[in-house]
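Shared between the two complexes below is chain A, which has chain B as its partner in the first and chain C in the second.
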Partner chain A sequence: MNILFVLLIPFLSALIILLASYKLSQSLAILSSAVSVVVIGIMLALFGQDTTAISSIDLPWIASMGVHFHIGADGMSLLMILICNVVALISMYVSLGDQIHNPKQYFALILFMQTFMNGVFVAQDLFLYYIFWELALIPAYFLLLIWGKGEKLRPATIKFFLFTLLGSLLMLIAIVWLGNAGTTSDYSLSAITGLEIDAETQLMIFGAFMIAYGIKTPIFPFHSWQADTYTFAPAPVTILLSAVMSKMALYSIIRFVLPVVPDAVAEYGIYFMYAAAFGVLYASIIALTQNDFKRMLAYVSMAHVGLIFAGILTYSQAGLSGSMVQMVAHAINSAGLFFIANLLFKIKNTHDIQAFGGLRQYMPVFAGLYMVTMFGSIGVPMTNGFIGEFMILTSLYQYDVIVALLAGSGVILGAVYMLRSYKTIMLGPDQNTVQTDIIGTDKYLLYSIAFVILFTGIFPAWIGQLCETSIQNILQPYLQK
Partner chain B sequence: MSSDILHNLPVVALLLPLIGFLGYLWYGRWLSEKQAGTLASSWVVVSFILSVVLFFEVLSTGTAVQIHLFDWINTGKFQVPFALQVDQLSVIMMLLITGVGSLIHIYSIGYMHGDAGFNRFFSYLNLFIFFMLVLVMANNYVLMFAGWEGVGLCSYLLIGFWYKNHDYNAAANKAFIMNRIGDLCLLFGLFMIFSQFGSFVYADINLQISNNVAINTTVITGITLLLFAGATGKSAQLPLYTWLPDAMAGPTPVSALIHAATMVTAGIYLIIRSNILFALAPFTNDIIMIVGLTTAIFAGLIAFKQNDIKKVLAYSTVSQLGLMFFALGLGAYGAAFFHLLTHAFFKALLFLGAGSVIHGLNGEQDIRNMGGLKRYMKSTHIVFLIGVLAIIALPPFAGFFSKDNILTAAFIKSPLLWVMALISGLLTVFYMLRLYFVVFQGKERMDSKVASHIHESPMVMLLPLFVLAILSVFGGLMNIPELFHGTKWLENFITPIVSMSDVHLDHSTEWMLLGFSLVAILVVGYIAYHKYVRSSIVPESEIQTDQMPLGRLLKDKFYVDELYNAIIVKPIFSISKMVMSFFEEKVIHQITNGSGQLTLFLSGAIRKTQNGFISYYLFAMALGVLGILTIFIILS
Partner chain C sequence: MNVIILLAITGVFSMFSGIFKQKMLALPVILLAFISALVLLSFGYLGDFTALTNNMVLFDDHAIKFSMVIVFLSIFIFIMGQYYYSEDIEHLTDIFALFVFSIVGGILLVSFQNLTMLFLGTEILSIPLYILAASNRRSLASNEAGLKYYLMGSFATCFLLLGITLIYGAYGSFDLDIITAAITAKGLSSLFITGVILILCAFIFKLSAVPFHFWAPDVYHGAPTVLTAFVSTVVKVAVFGALLKFVLFIGGHQGDKWTLLFMLVIIATMIFGNIVSVRQTNFKRLLAYSGIANVGFVLIALLDVNDLTASYILYNLLAYGIASIMAFSIYSTIKTHTEIDTIEGIAGLMANNKLLSISLIFAMLSFAGIPPLAGFFGKYFIIVNAVNAGYVWLAVIAVVSSVIAAYNYLRVSATVVSHSSEIATIPISTLYRIFLVACIICIVLLGILPDQVLVILG
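Coming up: the complex of A and B.
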């Protein structure tokens, strides 16, 4: 099966939606995302039997620059695509109950975003990768600006756009340098990982990449765009941003930084680890007293991705496998939590947790599923949040105790802010606000999320196995030294 | 027995309670109280029967049953099997968990009768049994930790079971969070174990140590200190004990099962399980001894002045757990384990007895509003008295043998420690007799309205009490010391897991110590009798003494909660607000607003592109992308 499908399906669907009647947009979008998920499921099954089953494409593209349209997928790419498309499907479902104005454009934009994010995960040519990376930002920008809500929406959106764009410019310079470092101009990943780069240049390239990724993930202190953006964006877009777009950066570090500039990672990675790990503590502390549920979740997300960021930079097998497991977990949990925020918003038209209370009495199913998602986020064993966190913290401990302690603070604080908000929203005396429990698609979607949380918590080993070869390849340059 | 069946037994025993929980999720709504209660109890009873079979299997073969279910995680060197191990230590724990668990399930059918959340309650209890079994049946630290956190989760659910009450919810959160503090330490202990041994599996670690692989003793001390720090959270020791008294917010059977008999002993289990590591860390053992003894005395003192029947028992549990840790610190693992078991019997009995009282008095928990209950609740009175006699270590009750074991071990180490341990025991004598006298003897102080409705509990509640009473009387038989011509069966049974030093006192010394402590118990007992029965002092009239600084200090629990609030909780929340309002909004945003100035400038330009015709714009983008792709492909 050709990997091109993961780009073609959402892209063509977006075009069809733009041409079709607006009444059909939502159904078409969901159909398209469902097809994507099925196709990736088939790809994973084929890949599981034969790792060469997914054929790649390598066409010469901009000949003068040596740029190829080269896409392909290994286990790690497939996993990321799986995350991306499952989350896209969730995000489409989350939009179901909302009255969306201009649904045509809205769903088309989400599908474009999905296409370009998939592109990031399959690009085997750095220049192509960069194009996808930047293209993914454009639909996000419009989705935010047009469908977002909030007083300071416009400045926040522009900040988000410019901040991430400017961060990437440095990366572009580094990519162009890398593409021309060899005897001939070649941007292919295999050529670039084979380069012998001197220590000083490695540092420059490392810095350029890492600032871009630090902003996109985001980690401390590059996070100032995040809280506003996540808060103001419509729930489905927040889900895409936190669950997938942040993973673009994390994936990119594994794919394009570790094997390309291994010496710089070994030498200077620790500074970014400190920043990311400090960010875990920092974001968790801020989350403690947030009363805006969505804003709190934004900081929770920052704490969780900070942990993964640090784990990746250990450049160790446990750290990388743990990061893969944790990326899957964070994608699902964060999608689930922002979905819950959206369900709550529909009840009281606010994200202020103090406005709620005693909901559990009327909404036992919602309360139960919220609780499972919450414990997934806290990282209780046998939910998906545990094994990845455990592996990452173990590898951080072996790397540097202080980093592990900073990142480990989330273990305690995570319980504090999650339980606090749950207690405020769900528990307590009856507030005489009779509510009906969640029903229909909301209910089944949240059930599915809870199921995945428990399933991947008990059986996470397949994630490590799927990515085993990819991780071995990534570790190769490091082990050679 | 064929090995195939044997292979499946532990799995079945483990999964039955989980099936009970999942079953509730599926059809719980449609079950009547009776069905739900019977069903939930049956899962655990069957699990108990299977545990008995396993026990005899382990007894006869003397080897552990190992079951590898699947790999939880396996990448490179990082291997965590999802594997069970039923050996001498875990099989006894299984008997305790499922045995006492069954009794408490049955008791709850009566106790929770009429509660709106009846079925939900039983599902949580089932889930708890499952996680507790995971904790003791795991063959490695990570899976053990899963059970460890899982029981904490159930504890959270059950403390906050009546979720409409703010205080109960706060108590539930407090329990979970304080446990998490311990758990973080425990996690770091596991990281150190992995760094040192490259494995989490008990057997691998033990093998490496017994093969004398070069081991850094500083590292071992670090590991053991962290494991112990984890244990102080779960087993409510100083400084992390304050959640346990608050945990009494949960229904009383929960206090009996989770916060007395099983979960809170997980810390003891952890250390016994890791005894090979602890044997190499004398420094840690001293710390454990000091913390245990201090907690035992500290909590015993607080129990003096508590007037809530459950709070007295809660502090008593903290104190008794302290005594167990004290024994662990002495290296007397057998004595600690023995006391763990007998304590489970009589403390479960006491809690369930207290539950019976609360049930009979329609929810009253303040002992000042009780008194003379022996006339109303004859059966409850007798079993409660047995529980009291067992906990104050009167011969020949179960507590006598287990405490005597600990005292002997203390004397071998140092007579001073013996005195301290004895003092903690005498504190127990006093506050337990105070509780008993004030509740069951003396004048009746109930409202006449309450008094007219006092009733003995139904048979379904009394039956478990009788069984526990029998165990509290005869439980000592499992480890009769040589002094009484016994063979210390229990200690011998767990020898394959726990190697113990074999130091003995000569018999005359032992008799002397015994006699001395017995006299002391009787004297203290008489003082309590004199004060609360003869002079019939009611705690209410102790107000004068409460004006004394010490009395107040005890009554207000040494102000530990207030202290933690002032130095930890409040500062963290203030810091949170400060970080947000100052650092996040002023510093970070100011820095990035360098780009903010740029933003203002550029936004003017960008705004022009938003003309509302987003459709056209989108098309342009899509076509643009397609166009660029095709042009480049053609050109190249």
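Coming up: the complex of A and C.
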């Protein structure tokens, strides 16, 4: 099966939606995303039997610069595409309940974003990767601007764009250097991984890449765009941003930073780990003080991705496997939590936690599913958040005790703010007018999210198996030294 | 040379078509002539007029490529002009004739082989522009722009003439080949250096680079928008063509002496253009300043001249030119129908004017250098070339200033899609629709196939 399908299906669907009647756009978009998920499911099944089953594409594109249109996938890429498309499908479903103006453009933009994010995960040529990386930002920018809500929407969106653009341009300089470091211009991943780079240059490249990824993830101190952007964006877009776009950066560190500049990672990675681990604590403390549920979730998301960021930089088997598991978990949990925030918003038209209270007696199903999702996010055993968090913290502890302590205290605080918000919203004094429990697609979607949370919590091994070869390949340059 | 004759006849035809009340003929004939000119240029049917012109013009590869881009961009300008002047059909043919004459001047300019031709080309290019800048007779701003442009232009011409005179005084000839031979024989004279600096000043003037930029915002703002689009695209191509040729000519004679001068101009232009544009509220002025900043960017390519420099410059100017013409034409369309000329004013354009908004967004994203649109590679080639030549810190300044520039373009595109207000539907003709779609296709194609475009331009 050819990997090109993961780009073609959403891209062509977006074009069809733009041409078709606006009444059809919603169903077409959901259909297309469902087809994508099924296709990726088939790919995973084929890949499980034979790792060469997914064929790649390698066409010369800009010959004078040595740039190829080269896409392909290994286990790790497939896992990321799976996350991306499942989350895109969730995000389309979440849009179902909202009355969206201009649905044609809206769904087309989401599908374009999906295409380009898939592109980031399958690109095997660094220049092509950069173009997908940059392109994924454009639909996000317009989705925010047109469908976002908030007083400072425009400045916040422009800030988001400029922050990431600045990071990307630094990364571009590093990519151009890497592409031209050999005898001929060659941006292919295999050529770049094979380069022998001296220590000083490694530091420069490491710095450029890590600032770009630090901004996109985001980690402390590059996070200032994040809370506003996540809060102002419409719920489906927030889901895509936090569940997939932040993974683009985390995936890129594993794929491009670790094997290309292993010495710099070993030597200077610790500084970024400190920053990320401090960010976990910092974001958790801010989350404690938030009364806006969506804004609190933005900080929760920052705490979780900060932990994964630090885990990746340990450059160890446990850290990397744990990060992969935790990336899957964070994608689902964060999609679930922002979906819950959206459901709450529809009840009272506000994100203020204090406006809610005693919802559980009216909405028992909602309360139960909310609790499962929350447990996933806290990392209670038997949910998907536990195993990854445990592996990452173990690897951090072996690497550096202070980092582990900082990150660990953030994780403990996580339980505090999540349970506190649950208590206020679901249990506290009754503040409701008229209430019925969630119904229809909302209910089934939340059921499926809860199911996935429990399923991956009880059977997490498949993630490790899927990524095993990829992680071994990435660890190789490090183990050789 | 055939092209110059063809276009000059077209200009005369355009004037007469006005006299004989055949105004609707003008545009089709001009477009036909320009497309034939493009064909002539690309297949090399240029005719041999060396003896006739006394070796004053030389149609080498350099001249052909620059002429092709000039002619290509002019086609867009005429389509925009037809739409722009649809209200003022009375003088349409005269105006078109002036544009055609100016383009002839541009082609002469990029093919100069003799300093006299450099002067003549500059004047043939500029004089119609002075008239055109003031062609909106009832507008005070337009008259002011015309006068200002004329005075400042004459000033630049004085520099140019004085420089040419000094070089003539040093070596007794206007011909580039003879001067080169004389320099090898007699050595570099201080008169020559002074002359070259004066001529470079004139170029900087014409390009509206800092420190000779002050006329540009007012002229760009006051002049009819078609002319502004013309001056900031086609004229820039012509002047850069001549400048590149001149730099190649002086480059052999202690080129590093001019490098410092260029560097100062580049840094000042990029920083000034981008920082001042942040504070602009008028859309047309914003475009004018972004034009100034882009000139600074293109000048970087002249620091390290090699075989590919011409194609990099042309690629950038082509990418910038198409996006720029599109943006100016959209500005003028909105202005004509709604009297809006500020950036904040176009808030909510998206609501009822899909094609206009999407085109404007494409132009802005291309300006901002988002891959894989044309603007990205336009900047990319120049920066990579500079880094390879060792100007790393200059590349860093260029990158930082393009992030500042990106802010401006994002600001515009964010305003377009904002839903704080709505602009009523603006009626646009089918021709104009085709024009916009063609521009978008060009921007995307240039970006997707940069290699193929470079081969054509190289």
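General remarks:
The rule is simple: the second predicted complex is superposed on the first by the 479 of 481 C-alpha atoms of A that agree within 3 Å, B and C clash if a C-alpha of one lies under 4 Å from a C-alpha of the other, contacts with A are read in each partner's own complex, and residues count from 1 in each chain.
Assume a contact is a pair of C-beta atoms (placed from the backbone, for glycine too) under 8 Å apart; a residue touches a chain by one contact, two chains touch by 3 or more.
None of these values were measured; they are calculated from a predicted model.
In the superposition on chain A, A:173 makes contact with chain C only, not with chain B.
By the document's definition of touching, both partners, chain B and chain C, reach A:154.
Contact comparison for chain A: of chain B and chain C, B touches the greater number of residues.
Of the two partner chains placed by the overlay, neither chain B nor chain C lies in contact with A:479.
When the shared chain is aligned, chain B and chain C each come close enough to touch A:62. Residue contacts after overlaying the shared chain place A:459 against chain B, while chain C stays out of touching range.
Of the two partner chains placed by superposition, A:199 touches none, neither chain B nor chain C.
When the shared chain is aligned, no partner comes close enough to touch A:439: not chain B, not chain C. In the superposition on chain A, contact of A:38 is made with neither chain B nor chain C.
Touch criterion met: A:134 reaches chain C, while chain B stays clear of it. Looking at chain A, you'll find residues 61-63, 135, 138, 142, 145-146, 154, 158, 162, 166 touch chain B in one structure and chain C in the other.
Residues of chain A touching chain B in their complex: 11, 14-15, 18, 59-63, 67, 69, 102, 104-105, 108-109, 112, 135, 138, 142, 145-146, 154-155, 158-159, 162-163, 166, 221, 223-225, 282, 285-290, 317-318, 321, 325, 358, 360-361, 375, 380-382, 386-387, 390-391, 393-394, 397-398, 404, 408, 411-412, 415-416, 419-420, 423, 426-430, 458-461, 464-465, 468, 471. Interface of chain C with chain A (complex): residues 350, 361, 365, 370-372, 384, 387-388, 395, 399, 402-403, 406-407, 410-411, 414-415, 417-419, 450-451, 454. Interface residues of chain A facing chain C in the complex, by the touch rule stated above, are 61-65, 130-131, 134-135, 138, 141-142, 145-146, 154, 157-158, 161-162, 165-166, 169, 173, 176, 180. Here chain B touches chain A in the complex through residues 70-78, 80, 82, 142, 145-146, 149-150, 153, 156, 160, 163-166, 169-170, 172-173, 176-177, 180-181, 183-184, 187-188, 190-192, 194-195, 572-573, 575-577, 579-580, 584, 588-589, 591-592, 595-596, 598-599, 602-603, 606, 610, 614-615, 617-619, 621-622, 625, 629, 632-633, 635-636, going by the rule given at the top.
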